[in-house]
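Quick one: structure below, then a few questions.
Per-chain numbering from 1; labels A, B, C and D assigned in written order.
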Amino acid sequence: MRLDRANIATLSCVLGGAAVLAAMNLLIPAVSPLHVPDFVIAIAGKYLCYAILALAIDLVWGYAGILTLGHAAFFALGGYAMGMYLMREIGARGVYANPTLPDFMVFIGWTHLPWYWYGFSHFWFALAMVVVVPGTLAFVFGWFAFRSRVSGVYLSIITQALTYALMLAFFRNDMGFGGNNGMTDFKDVLGFPLNRESTETGLMLVTATVLSLSFLLARAMIHSRFGKVLIAVRDAEPRTRFLGYRPESYKLVVWTVSAIIAAIGGALYVPQVGIINPSEFAPGNSIEAVIWVAVGGRGTLYGAILGAMLVNLGKTWLTSALPEIWLFAIGGLFIVVTLFLPRGITGLFTTRQPPKGSKQASAATEASMREAAR
Amino acid sequence: MSEPTLLYLDGVTVSFDGFKALNELSMVLEPGEMRAVIGPNGAGKTTMMDVITGKTRPDQGRIVFGADIDLTKLDEPAIARLGIGRKFQQPTVFETLTVRDNLLLALAGDRSPRFTLWARESADEHAQLDRLLATIRLVQERDRRAAELSHGQKQWLEIGMLLAQDPKLLLIDEPAAGMTDAETAETAELLREINRTRSVVVIDHDMAFVRALGVKITVLDEGCVLAEGSIDAIQDNPHVIEVYLGR
Amino acid sequence: MLSIEDVDLYYGASHALRGVSVTARIGEVTCILGRNGVGKTSLLRAIFGLQPIRSGHIRWENRELDRLPPYQRARAGLAMVPQGREIFPRLSVRENLETGFAMLPRPLRRLPDEIFELFPVLRGMLGRRGGDLSGGQQQQLAIARALVTRPRLLILDEPTEGIQPSIIKEIGRVIERLAARGDMAILLVEQYFEFARDLAASYFVMERGEIVLSGRRGDMDETAVRAHLTV
Amino acid sequence: MLWRGVCVCRRRLWFSMLIAALSAAVPTAPAHAGGDPFAQIAATNFDIVAQGVQALATSGNPRAAAVIDALRDGKLYAWKWPRPDAPLYIRSATGFVDARSGAPVEAPAAINLRRVIVNDSVRAAIATAEGALGLFAKDPAARRTAAEALYQSADPGALSLIERALTNEKNAGVAQVLREAAAAALLKSDNGSGSTRIAAVDELATRSDLSARNLLASLHSEPPPVAAAIAGAIHDIDRRLKLWSLVENLYYGVSLGAVLLLAASGLAITFGVMGVINMAHGEMIMTGAYTTFVVQQLVAATMPGLNEFGLLIAVPAAFVVAAGLGIVIERCLIRFLYGRPLETLLATWGLSLVLQQAVRSIFGATNQDVTSPAWMSGSLDVGGLVLTVNRLWIILFALLVLGGLMATLRWGGLGRSIRAVMQNRRMAAVMGIRTPWIDALTFGLGSGIAGMAGVALSQIDNVSPNLGQNYIVDSFIVVVVGGVGNLWGTLFGAVLLGIVDKFVEPFEGAVLAKIIVLVFLILFIQRRPQGLFPLKGRAAEA
């Protein structure tokens, strides 16, 4: 019951908040103190994208117990797919005024478009790629990982290795994705100039909607029988096997879906920040995103959204106010949350789950019981 | 085999780095039978469960289920789907799910994500769940999370989950461990009830409990069968007495 | 002396010890009898603090052990020969013995000769890995290892389990000798009735986590005790 | 590598100048005063002076160097008006010496003397002359470099000069180089019979380095027998070169392996033995590196005499600092997270961020320069490859650290207790071992090792706050591949990875090499999932 209220609250906050901001930006004249300046809209849009990423992570970490340290990889891949479309949109307006080749290709002396850039001039194709590419990668990766029963920390470590490898790969100029500068100087999306405030606001609203939809999707999955099996797998994987379920296939499904959600978040992120480059693959990003979820409270979905918002608010404020403190803050956050807030902020208000600690304890006693019974 | 058997272990051997947990173990279980398995520490009781359910692969020997299915070729989920349910020593239920959901997941049916993603609870399932809840005496607790149950209740819930799988054979490991006398008596009752419709193998140390079951007993020692028979026969068997009293 | 008062112990929700009270005097063997899974080992874990107790008290030489971690109980003079020996498999026999040094003051950090008088076999195999020894040798090593710490309370958990008769006899003699020394309380947990009966000065019988019979050796009702041990 | 190439070019340049000048000089040799070079230098015509300089340089006259230097430095004086004996004086600090004999003379009246002045052509002559002098210098090393340069330039014009140098060359090594130079020059020229040319080819074949190969390859339109000889020579030069490059790659691989080994040894304890996922491991290494920096600063400030050994002092210091830090971390953080690897991973990651920022705030984000002592710099030439001394030291150091670590675990009370706790924690506690304290010490040991690694890495990597990050992933790979809880495995894994990396690199480039290694890791874990991680007890799956 409470859970449902929380979810309705989340939705209304996300959608309502976004709508209000948009209105105060577009309708209220700039002179009035109530006017919301554009940069706020931009930031809000950014946060909403992060929230989508956080949601994706909570889906796998909170409900399938897969601690991913590489989800930013899917986020970034989605971003690149969108970035490629935006590059093509620039057309001849680039510095080198080359109708087909993006500037960076001209710059490194390429003469024609590599095959994998074909089709990105069409928006629908780019959208498809946003879903297909990260989805496929996630599926293949997960298929290997889960089938060979890699789990726990080792899974985490190889997800990190995955994003690390991708980062190194995208840093290479001859990959044809702009090397370490990545892609930028976008002009417009579907003909709407990106620098116009109405476009910014529109994108922000779209992001809010997408976030809400992915939230509902995630929620539907969790509350279906599928979701119950997933939680069962998280709590006692061997037991589900003896019930006749194949945990690997459940993990694979949720893993792939989650990757796709993250990718969509990335796709929305790029037009709003106006740049995508390999640093988005940095392992640090993925882990930071995990801490958003931890702060909000894993396994609640709305906690993930809340966490993403709060931590990034803090980040924006700190990095401008006292930059050198930021790393101390985020680092400290990791430690404090894992030690003292195993269930995050939302955990302080709900009494849904036994705290992780006690779950460990019971696990411990079960272990010792096994010994005792020997 | 003159008559059809349900489960047939044929010279099964399992060794962990040299030490033989099971040594040429052979055993036959008739359909509809309930069997109690006892034996001192390290006799291989739990290992026997592991090889039947596919958790451990035997080094030698066959395990035939029903007419001609060799279990040693299958993995846990496949064996579970054949209708062999297992209850662990320490109760492992899904702590964060409600009692009802625990049973729901156990109900026989399609186990694939494709199905469970869209599955809606059918009236038939609804009825089955109510019946199960009644059987395992947890009607009141139906919507509580399993973590909040008492030890004995968890044991029953797990047995209920086995029943929900509608197995032909139940393997039950120390159901009475750590239960109060009252709970133990009820558990014995519950198992007999279950045995009316299915075959059961029970492992336990608690002789009061085994006696209460009143069924054929197999005594394991050092990985093979030491004696088999009624409780009285077992109690007078000199080997058994030696194993239990002196060496 | 060791006095255990009304101890309750749980594994999660399962109730393993129910109001158990036991005493063991210095200079004699106290025996705890019972079938598998009746809580004997749980009791020893409680004594050594390997499993927290829910209620009750454990006193040793008028000192509360309840709050102490295991290693401090060892430093208080307790030593255990656990069920299944629990030899450190990849440590040499010598190293296994020397693990006891950690808690000893420097001058005492040597292997007492007594060990080799009691178990001459060990002298020959100091260099071998503990894991390579036979069950019987491991059992002897486990006892020797416990003696290195110069304990005043020696706890033995089924020292006869899975051991050939000759060695069982030897172990019996060793326990007698140690008891005869008069400076050590010995708590022996057994299922092997004859073995226990010959050694015990006083005995306690457990069933389903409770003490169901107890007394001095003299007034032991054998048939009653057997009834609790047999199937 | 780069600067060597540059030098070679420069030498080539001014040597061809020399050759040109000499060949210009030779015909017009006795143009003045019976070809006495001293007289020529005493002359007032700059061209004659220049000729004199060149003549003197190639004359092998012992005074040549002194006189030419004096001329260059403007210390050379001649008689103001012509005199048959054309005297020359060199002004020394005390007085004047006779240029020809070097014997002191009493100062002539200043009025009679004029300083011998130089113009550009003379200056050029001096420069080239000094080069040629190299061939006739006292010091064999100097002669060798001169000859080597001549070989590189392979200028037919130099042939006569080389011949002359060869005739009065005693030193076998130098003579060999000269012969090669002669061979090169000969082959470049069109004269010389087939047999002599073949001999020259063989000469170069024995040298068998890249320059020889290029030179031979550059020869066309040779008579068949010579061409055949050349082909043969090129072939076995190629074979030798391939062999050397193989050996070189192996060496690079091993030395990279040593670095990985250093970085991973500590992790082999904290992760391998204890099963603690310490993402701040890299920062332990960084701590060690910064300790090195601080120690060097202190040494330089307080006892400059020991500058050379600052590094040696840093090793124990780094161990103590990092170990101490490690123990604090274990007591305040890790111990609350045992049995919860995922939480440990997150918390230690956060810790690594804090540590990096702390260092950044204290020392600044820029790289600190850690000096490497003389005994660690320089390089040895072994056959066809160049071993940098500091790499050799690092290999040695890595092995020492590993050895020390193994010894610690194998012998002594601490090692025994550590192994006991890791094999059976509960039984160890029963034996009175203070398990919590052992945990702290073990973690401290691992961290301390990482600190020592930092000392070594400060010699080959930038000492910056991000130093550690570059190693954390590799370290995990090494421990994983080597097999957890097995130090020999760590050694194996490190060397294996180092060599794989170095062999992939030439074909694919460093970045791709890294990617390939990572993919390799991913597949590796999936081929042998849990099997590789027999984590004991508390480090169970999350």
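The criterion applied here is as follows: a residue touches a chain if its C-beta (ideal position, glycine included) is under 8 Å from a C-beta of that chain, and two chains touch if they have at least 3 such contacts.
Every value quoted in this text rests on a predicted model; they were computed, and no experiment measured them.
Averaging the CA coordinates per chain and comparing them to the mean over all protein CA atoms picks out A as nearest. In this assembly, the chain whose C-alpha centre lies farthest from chain C is D. Centre to centre, using the average C-alpha position, chain A and chain C are separated by 57 Å. Here the CA centre of chain B is 34 Å from the CA centre of chain C.
With centres defined as mean CA coordinates, chain D is found 65 Å away from chain C. Put simply, the C-alpha centre of chain B and that of chain D have 70 angstrom between them. Annotation for chain C: residues touching 2 or more other chains are 11-12, 14, 16, 37. Residue positions 362, 366, 369, 373-374 of chain A each touch two or more of the other chains. Considering their complex, residues 11-16, 35-38, 83, 160-163, 165, 168, 191-195, 208, 226, 229-231 of chain C touch chain B. By the touch rule above, chain D contacts chain C in their complex via residues 413, 416-417, 419-420, 423-424, 426-436.
If you check the complex, the residues on chain D that touch chain A are 277, 333, 336-337, 339-347, 349-354, 356-358, 360-361, 473, 476-477, 480, 511-512, 514-515, 518-519, 521-523, 525-527, 529-530, 533, 541-542. Contacts from chain A toward chain B in the complex involve residues 221, 224-226, 228-229, 231-232, 235-236, 238-246, 249-250, 253, 353-354, 359, 362, 366, 369-370, 373-374. Interface residues of chain C, counted against chain D in their complex, comprise 48, 50, 69-71, 74-75, 79-80, 82, 86, 88-91, 95, 98-104, 145, 149.
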